[in-house]
Amino acid sequence: MKRGIFHYQIGDTFDSFLFIKTASKGVASNGKPFLSFLLKDATGEIDAKLWEATPEDVDVFQQGELIKVTGDIVQFRNRPQLKIHTLRPVQQTDGVNASDFVEKAPVEKETLMERITEAIFEMENPNLQRITRQLIKQHQEELLTYPAAVRNHHEYVSGLAHHVVSMLNIAREMTSLYPEVNRDLLYAGIIVHDIGKVRELSNASSPSYTLEGKLLGHIPLMVEEIRKVADDLQIDAEEVTVLQHMVLSHHGKPEWGSSKRPLIREAELLHQIDMMDARLNMMNRALERVQPGQFTEKLFPLEQRSFYKPTFDEK
Amino acid sequence: MKRGIFHYQIGDTFDSFLFIKTASKGVASNGKPFLSFLLKDATGEIDAKLWEATPEDVDVFQQGELIKVTGDIVQFRNRPQLKIHTLRPVQQTDGVNASDFVEKAPVEKETLMERITEAIFEMENPNLQRITRQLIKQHQEELLTYPAAVRNHHEYVSGLAHHVVSMLNIAREMTSLYPEVNRDLLYAGIIVHDIGKVRELSNASSPSYTLEGKLLGHIPLMVEEIRKVADDLQIDAEEVTVLQHMVLSHHGKPEWGSSKRPLIREAELLHQIDMMDARLNMMNRALERVQPGQFTEKLFPLEQRSFYKPTFDEK
Amino acid sequence: MKRGIFHYQIGDTFDSFLFIKTASKGVASNGKPFLSFLLKDATGEIDAKLWEATPEDVDVFQQGELIKVTGDIVQFRNRPQLKIHTLRPVQQTDGVNASDFVEKAPVEKETLMERITEAIFEMENPNLQRITRQLIKQHQEELLTYPAAVRNHHEYVSGLAHHVVSMLNIAREMTSLYPEVNRDLLYAGIIVHDIGKVRELSNASSPSYTLEGKLLGHIPLMVEEIRKVADDLQIDAEEVTVLQHMVLSHHGKPEWGSSKRPLIREAELLHQIDMMDARLNMMNRALERVQPGQFTEKLFPLEQRSFYKPTFDEK
Amino acid sequence: MKRGIFHYQIGDTFDSFLFIKTASKGVASNGKPFLSFLLKDATGEIDAKLWEATPEDVDVFQQGELIKVTGDIVQFRNRPQLKIHTLRPVQQTDGVNASDFVEKAPVEKETLMERITEAIFEMENPNLQRITRQLIKQHQEELLTYPAAVRNHHEYVSGLAHHVVSMLNIAREMTSLYPEVNRDLLYAGIIVHDIGKVRELSNASSPSYTLEGKLLGHIPLMVEEIRKVADDLQIDAEEVTVLQHMVLSHHGKPEWGSSKRPLIREAELLHQIDMMDARLNMMNRALERVQPGQFTEKLFPLEQRSFYKPTFDEK
Amino acid sequence: MKRGIFHYQIGDTFDSFLFIKTASKGVASNGKPFLSFLLKDATGEIDAKLWEATPEDVDVFQQGELIKVTGDIVQFRNRPQLKIHTLRPVQQTDGVNASDFVEKAPVEKETLMERITEAIFEMENPNLQRITRQLIKQHQEELLTYPAAVRNHHEYVSGLAHHVVSMLNIAREMTSLYPEVNRDLLYAGIIVHDIGKVRELSNASSPSYTLEGKLLGHIPLMVEEIRKVADDLQIDAEEVTVLQHMVLSHHGKPEWGSSKRPLIREAELLHQIDMMDARLNMMNRALERVQPGQFTEKLFPLEQRSFYKPTFDEK
Amino acid sequence: MKRGIFHYQIGDTFDSFLFIKTASKGVASNGKPFLSFLLKDATGEIDAKLWEATPEDVDVFQQGELIKVTGDIVQFRNRPQLKIHTLRPVQQTDGVNASDFVEKAPVEKETLMERITEAIFEMENPNLQRITRQLIKQHQEELLTYPAAVRNHHEYVSGLAHHVVSMLNIAREMTSLYPEVNRDLLYAGIIVHDIGKVRELSNASSPSYTLEGKLLGHIPLMVEEIRKVADDLQIDAEEVTVLQHMVLSHHGKPEWGSSKRPLIREAELLHQIDMMDARLNMMNRALERVQPGQFTEKLFPLEQRSFYKPTFDEK
């Protein structure tokens, strides 16, 4: 697997290993069964079809399997699709590993943890520092492996920590440009704002929504945890309510899931930085796939916009 | 005080006792200071003005004082206003009591508590029953005295419990008409849904919003408490998450403060019953003040509608 | 036909009788003609496909036919679909009857009529009583057989009367809990509010919209009829206008088809009860089809929500 | 009364006759009673204040009275206001007449009626012609005197007929430019679309909303009348439903009071012509009052816009 | 080609010439390649499929080719579709011409130009006249051949000029009915309002959006051009800004692309006339295709409405 | 004038110099004329009233005058108001200067210009650099003195340049954190995005909207200027259209005045940075005026929110 699936073009022949992200059986309009896959490696994903699937195929090729595939990259509804010629399960002799097929953040877990630790260390407000440190301690493993979302932005292993660290970097610069801003509060808000995702989502590598994720969502889950941690640490101070508000309001408005709009400067800034980093992540990943002079595919969470890459943009 | 302020008409002369709900100093457009009051007794409220107030008046006549007033009921911007001739603080010899000047629910606290206790007693699901009983135990005093809201509906002493009991009554009938509905869950949701108000509001008789009320609101405060109580009772079961969802979703949609819409039948029904009882309370109280053939004043939370009382409606 | 189509699962084999609700011819993506059916019995409906249909098939298997079918229940776009192996028209010797294949209200027509008659009998206001009785008299047959809607809620034979009777039951309890409410007016509003549907829809068993249904809708049609009946009965009183308002406003707001919002207490209550009963009917029917611990399909008129059936819900 | 009130400027002295359109008593912020008037003559209206009104003044100067006034035109909240020095009721010897103080359409009633009669005469479809003629016959007197609205556009005596005739003139040209349009249907729709206003409003010269106006509105009232007239004329044809639809849909969308959007070409065109004529009437009347190079006051029903009169616009 | 494609019905056999408007390759659900076409002649368009296309077919039958086709008109998703039996490129001996296959305005270019010239000639304001004349001069060829839009209304060759001339005809009548309106300004606005489309769209016969069309849109492009032409003609007068405003505001509100709403009477009227003519064009073209008693297909830009053609409408 | 008006509290006595920002005459509700002022110095503004103004007062104390005032700071509708005792025009001997009474950016003009020049100097794309430099050259004086807006944010002398420089500072950090971003394009967009304000507003120190500001707005004015400058510099490249798009889209969506949403990464980022800096400026200025533990006044452009200053925030 020299290059990944991301780099294949319409018309190419494919012959390599892929991971089955989802598999479903259908009945073709000629009445015959087929299998629809979403296949992936560390570089990206592709829809795939196995026409005239046997009952045995249906049993074998299920979600979570690593497979060896040959086929052609064709076009279907303006998107590439892999038309499978042959496929088989991976054998031990193939020497490939499931963990190689998962997209990861471009920065190592250790580096991400270091930067978060450093930010906590810089805090001067002991209440904010202790609560933040305790929350990280309780969720460190998940924080470092979970994605920031099931789709849309930072939707890869360690995406959550990657998003947090990018936001901390912006925050460091903003607090230096605007010294009125309370850096401790902003740092604490950034670090904890999305930790509720580790309860909203089922796992790091192929996450779905948990029951409490569906019925409550990551925001109330985190509001609840901050209070619990504060109680455990016997902190009964305004910082607790204010940090809960930072989390509660970080989606910016009720229609987006924050029943209170930001009512504190640092909460408003947290919302702005969150939006800015998420949008840059989405735009960057989409623009990477097109040439100068082209428009990207439509980005759903950015109001279905297609973005243009100027011809004079050499990057 | 034979009849209350509610029964006075434009043109009447007033000579009795009232309670100062709010007081503020203004400068008239002739440059002279005056005092604006909101005065009340147990039957209702009236705006009042003391023109050409002395500095002494400003000191004496403050929020929370009981006063003896004489004056005329005049019309100002389509509403009655009391133009004060004389006023003085109440003296011991007047024999009046602050507690007589506060509007209360039309049902006694004891009766309300009895009905709530009965509903908890009827529950068969031990998890829901224990959590509900514990929450009531922790907040019984406030639950029985707080209003359901600062304004709009059930905005009187014991209004919160009155609202809960009315909803329980509707729920009893609905669960008998629709036996598929889980009565225990609906009862539990109704009893706890608004208890967060005892933290959102500052006190029972002249409530304002607390800091955690403004920054978090009663819904997340209650979601948090349910978890805490469940932890204390060592209940770790789906009932906890589901009851939290009942509270979280009871405003019906994000724009109204519920970041999750109701996703359980009993949660949807809780929302409908809440709305129905609140609206009837508002309409009934407004219609009480008009004669058949007239329209009420505009009711703000009912989309500014004026309601008509038909001439054939003898009640 | 021991059990109905509703009870079949993906993977089952089917061999029984069904009714053709709709039939349409298509061209498969291999260029061959096929037939798409919506088939039903008294328990539910299923999409079905006959691949490679002959011109004769197209002639024979049309809407309204009863057929004998064999085939497999497969999955198509997350829904069950019947892939037809063989089919033939029903023969006299099969001993099956079209009327057995139609979904009906769970209550008999006679019982429904009794309850409506009883409510009219209880009315004390002669104007409301006479108008209501006359409207029922004119439309009794359709009222007792029409559905309440083409889809969404109470969409079965006698659904309209079933909905009316459920609402009358809620109304009886509400007027006993809130004695201020004018019971006669509420009963009259409930009984007549949707009778316009018998002109909006073409017939009881497979209804489509009539021209006056499309161009005017059931609300103005009923407003018009109330006046006509009042004129015939020589009633010229406020009750007429008020009852017209009950009908006009029962959808609650302009965007939902009521050019006037409810401006009378009983009109607001009619709207709330209508919504409550319709929503319970939809939720109950959807939850019936899932197991505890599962979510229902998305319910379109309930804002596309999927409802969760708690695991502790034994019903 | 050489020139009318419309022509007075801030700073002018006024000494002439006016009609009291509305009168209300207030309490000034120095505690003294005053009277607020809306005074008018045939050219326009002006707010007026009588400071320090005696109880006698309050009795005498009521809505509907003709008065002789002297005072100064001053500015209040960016609008002219008449500060009254002296006022007295009109005496017989003054030789003035209430009917001279009412704004009227710039075209005579007879001319308006002629044009409507001519349009009916031109119709070739007997059903539409007979229904239209009958409706005009039943409401001729009110049609020729009522305003088209209480405020906003054509809000003067005969405004309704004036509006209808302007629309007929546009319709004549449009049907000649677009011969596909059914002229008879468009004419009939224009003539009857707003006749419901004669039941929605209380009278021609100082109209308020009637009870059936408030509870039903002019649209359902007219839909109902068309059916009644058709029944009386024993016309049972598609023209009846279609003409009802023209009326029902003429406000264009549900939020504006039409529960059905226009679904017939002529209904859409009726809506467009109605909007175009109403907007021109409002803009013309506002622009008449400003000089080239100025902006008009904000026009509420035109989304609060102020319109600019170009300096090169000599008209 | 006696009759055009517009006149064929489901079930007809087709054997004639068509123009390939768009062509795209797909993979059928049996895994075989096919070609999807949008084919057209001067009367209309039809979707078409060539099943089991060879690689050669894919090469030959591309957008812009004229072809000879045989096949059957079948129904697919409620729309007619041409199922191709045979097809070949047109040969010289076929004697057909690409220009015969393009839909054109029902009025000749010369006649359209004449009417525009006449309107400019009638103008009395020299600034408006000179700017308008110069803009027409610069874009005359494109103005006379471009469509008014890619789809929706006047989407045919010369559609832009056809739309302008229809609007001028309405304007002539409106200015005669409402003499207050500044005819010169209205004419100038109508003539130039959409000329920006000749830069927004790529060409007249099969237009797509240009880069500056996508990034800026026809409105700012035209605002910019008016200034440039005024500078070239050394006109520095209020007419320039006012004409720019006419163009900027002609879509009526921000959500529709006009960052300023119309703030001048003639700008509002331009918007109304634009909407009226566009809507009539869409409705007329859709109603032409249905019989009396039927509804048209849903018209997307008219809020997805289907329009009804009354049975008494003989046209 | 030791301390400015901003530092006075309710109850203070005032005796110093102020500048009349606006003056208007009113009639008090006792019928006597008074003058309403908005008075300011470099630290802030205050409403003021002169009761019982003489005609001479009205003549003398007009907008733009410097005055010597004595009076009391009282409270009016929850805001401070200066009740004037005495006032007189400033005399030469007072030694005060109009320019001292104007609020200015906290950074010197020269420093701001330096930073802008530096950013232009850093650009590597010659087209963007030349256009930007030329636009700055043409408007340098206004750019350095105009406010960024009439109200809301950076509404002080040099506010426009101050806003641009703050945004450049954020941009420098963001392009270093996200190296994919085209720094030249982002810098160019930031520098020119609001220059249209120098034509939209009338002057730097007491700005109102110009006619072209009202009819066109600063966005189309700037789009137009970019093209003109590009033509003058004979640059005909994609950079021109792209830079026009940056300006056109910088308000983010149509409802906010951008007829095209940002369709280029740098345009989206420009919008985000603009919003972030404007919001911080507003919040900072409002929070400066309150103590820890208090809420600010409601900020209109921030959805009427009041912001809380935590008690643990020592700044």
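Labels for the chains are A, B, C, D, E and F, by order of writing; each one numbers its residues from 1.
Following the convention adopted for this analysis, a residue touches a chain if its C-beta (ideal position, glycine included) is under 8 Å from a C-beta of that chain, and two chains touch if they have at least 3 such contacts.
According to UniProt, the chain labels map to these proteins: A, B, C, D, E, F = 3'-5' exoribonuclease YhaM.
The model shown is predicted, which means the values in this text are computed figures rather than measured ones.
Student: Could you run down the chains that neighbour chain D (3'-5' exoribonuclease YhaM) and chain F (3'-5' exoribonuclease YhaM) together?
Tutor: B, E
Student: What chains, if any, are shared contacts of chain E (3'-5' exoribonuclease YhaM) and chain F (3'-5' exoribonuclease YhaM)?
Tutor: A, D
Student: Quick check: more C-beta contact pairs in B-D or C-D?
Tutor: Higher contact count goes to C-D.
Student: Would you indicate which option in D-E, B-F or E-F repeats the interface seen between D-F, with over half of the contact pairs matching by residue number?
Tutor: Duplicate interface of D-F: B-F.
Student: Return the distance between the CA-based centres of chain A (3'-5' exoribonuclease YhaM) and chain C (3'-5' exoribonuclease YhaM), expressed in whole Å.
Tutor: Between these chains, centre-to-centre, one finds 44 Å.
Student: Could you give the separation in Å between the centres of chain C (3'-5' exoribonuclease YhaM) and chain F (3'-5' exoribonuclease YhaM), each centre being the mean of its C-alpha atoms?
Tutor: About 60 Å separates the centre of chain C (3'-5' exoribonuclease YhaM) from that of chain F (3'-5' exoribonuclease YhaM).
Student: Listing for chain B (3'-5' exoribonuclease YhaM): what residues touch at least two other chains?
Tutor: In chain B (3'-5' exoribonuclease YhaM), residues 29-30, 211, 214-215, 238, 242, 263-264, 295, 308 touch at least two other chains, as defined above.
Student: Name the touching chain pairs, would you?
Tutor: The set of touching chain pairs is A-B, A-C, A-E, A-F, B-C, B-D, B-F, C-D, C-E, D-E, D-F, E-F.
Student: Tell me, which parts of chain A (3'-5' exoribonuclease YhaM) touch chain B (3'-5' exoribonuclease YhaM) in their complex?
Tutor: Chain A (3'-5' exoribonuclease YhaM) residues touching chain B (3'-5' exoribonuclease YhaM): 211-212, 214-217, 219-220, 223-224, 227-228, 231, 238, 241-242, 244-245, 248, 254-260, 263-264.
Student: Can you tell me which positions in chain C (3'-5' exoribonuclease YhaM) touch chain B (3'-5' exoribonuclease YhaM) when the two form their complex?
Tutor: Against chain B (3'-5' exoribonuclease YhaM), chain C (3'-5' exoribonuclease YhaM) makes touches at 125, 127, 166, 169-170, 173-174, 177-182, 185, 237-239, 242, 253, 261-265, 268-269, 272, 275-276, 279-280, 283-284, 287, 295, 302-303, 305-308, 310-313, 315.
Student: Within the complex, which stretch of chain A (3'-5' exoribonuclease YhaM) touches chain C (3'-5' exoribonuclease YhaM)?
Tutor: Touch residues, chain A (3'-5' exoribonuclease YhaM) against chain C (3'-5' exoribonuclease YhaM): 25-27, 29-31, 211, 214-215.
Student: Over in the complex, which chain B (3'-5' exoribonuclease YhaM) residues touch chain D (3'-5' exoribonuclease YhaM)? Could you list them?
Tutor: Within the complex, chain B (3'-5' exoribonuclease YhaM) contacts chain D (3'-5' exoribonuclease YhaM) at residues 28-30, 32, 34, 49, 51-52, 74-77, 81, 83, 295, 308.
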